[in-house]
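Lettered A, B, C, D, E and F in written order, each chain numbered from 1.
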Amino acid sequence: MDVSLIISNILNPPILFFFLGMTAVFVKSDLEIPAPIPKLLSLYLLFAIGFKGGVELIKSGITQDVVLTLLAAILMACFVPFYTFFILKIKLNNYDAAAIAATYGSISAVTFITASAFLTELDITFDGFMVAALALMESPAIIVGLILVNLFGAGKSQDFEWSEVLKEAFLNSSVFLLVGSLIIGVLTGEHGWEVLEPFTQGLFYGVLTFFLLDMGLVAAQRIKDLKKTGVFLVGFAILIPIVNAGLGLVIAKLIGMSVGNALLFSVLCASASYIAVPAAMRMTVPEANPSLYVSTALAVTFPFNIIVGIPLYLAGIKLLWS
Amino acid sequence: MHPVKKIEIIANSFELGKLLDGLDKSGVHGHAVIRNVAGQGLRGNTEDLDYTMLDNVYIIAFCTPEILNSVIEHIRPLLNKFGGTCYVTDAMEIRSLRCVSSDL
Amino acid sequence: MDVSLIISNILNPPILFFFLGMTAVFVKSDLEIPAPIPKLLSLYLLFAIGFKGGVELIKSGITQDVVLTLLAAILMACFVPFYTFFILKIKLNNYDAAAIAATYGSISAVTFITASAFLTELDITFDGFMVAALALMESPAIIVGLILVNLFGAGKSQDFEWSEVLKEAFLNSSVFLLVGSLIIGVLTGEHGWEVLEPFTQGLFYGVLTFFLLDMGLVAAQRIKDLKKTGVFLVGFAILIPIVNAGLGLVIAKLIGMSVGNALLFSVLCASASYIAVPAAMRMTVPEANPSLYVSTALAVTFPFNIIVGIPLYLAGIKLLWS
Amino acid sequence: MDVSLIISNILNPPILFFFLGMTAVFVKSDLEIPAPIPKLLSLYLLFAIGFKGGVELIKSGITQDVVLTLLAAILMACFVPFYTFFILKIKLNNYDAAAIAATYGSISAVTFITASAFLTELDITFDGFMVAALALMESPAIIVGLILVNLFGAGKSQDFEWSEVLKEAFLNSSVFLLVGSLIIGVLTGEHGWEVLEPFTQGLFYGVLTFFLLDMGLVAAQRIKDLKKTGVFLVGFAILIPIVNAGLGLVIAKLIGMSVGNALLFSVLCASASYIAVPAAMRMTVPEANPSLYVSTALAVTFPFNIIVGIPLYLAGIKLLWS
Amino acid sequence: MHPVKKIEIIANSFELGKLLDGLDKSGVHGHAVIRNVAGQGLRGNTEDLDYTMLDNVYIIAFCTPEILNSVIEHIRPLLNKFGGTCYVTDAMEIRSLRCVSSDL
Amino acid sequence: MHPVKKIEIIANSFELGKLLDGLDKSGVHGHAVIRNVAGQGLRGNTEDLDYTMLDNVYIIAFCTPEILNSVIEHIRPLLNKFGGTCYVTDAMEIRSLRCVSSDL
């Protein structure tokens, strides 16, 4: 069953263009999407998903479901970096372990968006407030990571300024635009939706497809770094997402989420950040090696999730929920 | 034409604000900044974080020879902490320093 | 009445995203829309508004209304820099006074576009030839400004080349693209409209929203400059637009414009240029201080007009017209 | 008859915006579409046309018509650089002759796209597999050009690496994205088409229009180079496309193409490459003068084809086919 | 290797055309131009007009020492009128000046 | 502060990979690269191919004076074949070369 889901997932334009991007790198084509176009596409996606989430949130209202989901989101965002840190310490120094743990505690908005497009394809509904969960799960891991560095750091305490760290955690452009668009969606509601619909809805799937072409290029360029990261980390980058998705599923079942919401939640748990957290770690833990945390998240976990993970987790949900 | 020192700094764009502050404090009030510089140095390739837009900047500042030591004092600790390189060259200034609206 | 209009204006996505952009600067988020994306968005808006104006102009034909409106537009574009120059001379030197006067004599296309979106929201019609008025009002103030500098400049006459100045005034990219798109709209008419409609109409509101996010960022960054400009100029930047809009209203009433056209005309009179005129002034009056003319137009007059001005002027029109 | 077709072609938004771009350069307006926006637009166009071609190819299946057309395409792509080389050698050295011959043997995707928009305007159908012909005709001329240089080069054989040359020929970003999108169109079929349609179809005409504005700017900037290229090459750049289109027509008639396909095929034969081939030639035949091969293709052949050529060739087809 | 002078000019992009003309007239036919340079100088921050795309350019031109004076003559009036700075450094040229197609 | 040589190369972006390889082989492991440089040289204007994105790059590399000759040996053939220019200047290095995490 999962295999047929995986294949039907793979035969979608976004995933196929992701492969096309990877292929371009492997065959050494000079295809590239020059800066700042990928930035434009990602701003658009955050804007569109946030706005849509807000519009739907105001329609559903803030129910008990919403509150439970958001609490579960924060819980997982704090727990994941904590437990993975101790796994990572087996092979890595404290700095690298903390940075990677933070990366996996946070989320990847593109993975979330790809999962939501996958659900739309299959006509499975999900709620707008999941976007709020997405926003809430981005930042806590950065804070947890830094606390871990301070607790286990090499004797001397880090001299970074907490104000700068908190700013980077909660006001980085992704979180800011996502939350801002969500709030504007709440404020303008159905009426705002109608006027923006051809832009935020009509183009959404196409922009996602185009953006995944770029992600394929970027992810494939990172693959050569995996030699440096070693087998331990590559294994970590595949197994931990499955474990986290599993934890997510159990929680989702416990608090009674719908199938669509449960998938998005487990995808959030399974995904790792390759933009916001790396930037924060470079600034606050300069001792950690960026190759390690960027490459595992980008070249292993991201492709794994969008190709295999999403349909796999859905298969798991169908099993548990039926 | 009178002699000046040319200061060139290549560092991560994250540190740009601090470096310009450092220059300003040591009395160098003019500078030019080129962004999006790729590079390779002691800490490896800038590509390590390129996707997160953490690229290098190239700062050029010409100053009078007297304040060079003050500049070094202000800049060196930043480079030691965050990485980056700094070089000094001798140059001659040509621009007449007279007021702008007085045409030659 | 104006208050309810202001609030309904504020609760629109474009204005809310403008606030979001400003907020990003105030809380020091690193949100930015990297160059040249804002340029792309503004080229698109000029292209779309010009083309639509042309298509509608050919439908309505060149009536007496059109001619009267365009004459009124040129009149105001020449009169405003002239009278404001003498007000500005009270506190400023001749160079700065002329540059700022030219800025306020010209117009801001984005303010116009925001006003037209506002009218569309309220189902108030307006005519395509207003885009021709927009185009005609951009350049004259540059010429008037330079004449003022030459008349009142510090003894010596300026040595700029008039050919370069006229080129900058009438062939700068905004005016050129706007007029060009308008003419093409006239030439291709209904048929051209149909094929381009999903592009020029469908995306319009979304692109405007996205662009105002960037304008919010840019305007807020300018606010710190206002310390240098002083109370006199900040007051000028709020009061003069109201005065100019009032003058515009009276003229609009006299020549019998419709409500929609009257609003657009008064918005044109009230708005100030922050792109074309500053570029021309930097080139031709290097003695003037750019901070003064850019910051007042961008950080005070622009936000004032799109947030308070547009609904305020409409309230005024409703009073006068009823 | 051709004149009325030419006029109706000229009065379309894409062609008019092409003129607008050229006009901007002639009157020295500062209008420009900053990099990398033109790149974004051209990536989009390749993506959209490739994807649409793939979707339609799978609908029609691979018939004998398809195979014959593709064979004809490869034939012409090899024959044109060969015969034009000997014409060019009359006045030029071997290096320049080979580079220009390769340029005219290859194709211009934008010319093809403009022709397909022209057909859509006129409600003349054409087949998706023509996009495959487009892709197949881009590369062979590069190889033929290099063989000619090696055969007739100045005594010494060129020391370029064939692997690099082949890579540039078959994996350059245009060919790669076009073929990749085509394959993905084949794989996702009708279903993929539906989800991407607002993006790939809705915006297509508008993006083409915008892109031709940029092409007008670029082509006009090249016109000043034509002094250097001389009368011989300018004549070549107009006459050879007509000859090639004629050859294309005859072949199209022989193998029984439909009117729409025949037009696209003759446009492919008539057009010259100004991106992929110049890049390959700069790398492999550094002795040739880029001004010669870029300027003729871009400033003469491209405008000639989209303004006069396309309707002219269609008139020829109507004559031959009736 | 033979000695040359390196000329560096930082000025507003508006003046680029005139500056390159000036270099050309004084006999400097090679140059490299970097656009989008941010900076701060006597007249304040380039950000003053950044929204209007009036950023700085950084021009680099290497020339033989003999023509340096001619360059200064041509460039100085432009800098005085419109602002911008110019510096000269000593350098050595490495590129062999032989014709392109003659491989070493 | 100790003396170093500054190497500046301006060449077509196509050759970037080969030039950096050349630097690396001759022992220069640090460099900075500025892309999208416009220019004019012996072979005319870079605009000749600008539409095809074949613009120039500006490579800056500081190295110890000893390896300069090795650099020249590796770079010169590339410049002769494909065009491009290379200049050398004297400079002083300021950055302390100590390890990154040891704050001053």
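Everything that follows uses one rule, which is that a residue touches a chain if its C-beta (ideal position, glycine included) is under 8 Å from a C-beta of that chain, and two chains touch if they have at least 3 such contacts.
Not measured: the values here are computed from a predicted model.
Asks: Under the touch criterion given at the top, what is the topological distance in steps from chain C to chain E?
Replies: The fewest steps needed to get from chain C to chain E is 1.
Asks: Quick check: more C-beta contact pairs in A-C or A-B?
Replies: Top pair by contacting C-beta pairs is A-C.
Asks: Could you state the distance in Å from the CA-based centre of chain D to that of chain F?
Replies: Inter-chain centre distance comes to 37 Å.
Asks: At what distance in angstrom does the C-alpha mean of chain F lie from that of chain C?
Replies: 47
Asks: So, what's the distance in Å between the C-alpha centres of chain D and chain C?
Replies: One centre to the other, that is 41 Å.
Asks: For chain A, write out the residues touching at least two other chains, lowest number first.
Replies: 35-36, 39, 198, 202-203, 286
Asks: Out of chain F, which residues touch more than one other chain, so two or more?
Replies: Residues 34, 36, 81, 83, 89-90, 100, 103 of chain F each touch two or more of the other chains.
Asks: In the complex of these two chains, what residues of chain A are touching chain D?
Replies: That would be residues 11-13, 16-17, 20, 23-24, 27-37, 121, 198, 202-203, 205-207, 209-210, 213 of chain A.
Asks: Name, in rising order, each residue of chain D that touches chain A in their complex.
Replies: So the residues of chain D in touch with chain A come to 35-36, 39-40, 43-44, 47, 51, 167-168, 171-173, 176-177, 180-181, 184, 187-188, 192, 195-196, 198-200, 202-203.
Asks: In the complex, go through chain C and note every residue touching chain E.
Replies: 35, 39, 218, 221, 274-275, 278-279, 282-283, 286, 290-291, 294, 298
Asks: Across the complex, what residues on chain B touch chain E?
Replies: My answer: residues 1, 4, 6, 29-35, 60, 62, 89-98, 100, 102-104.
Asks: Show which residues of chain F lie in contact with chain D when the two form their complex.
Replies: Those residues of chain F that touch chain D are 12, 14, 36, 44, 47-49, 51-54, 81-83.
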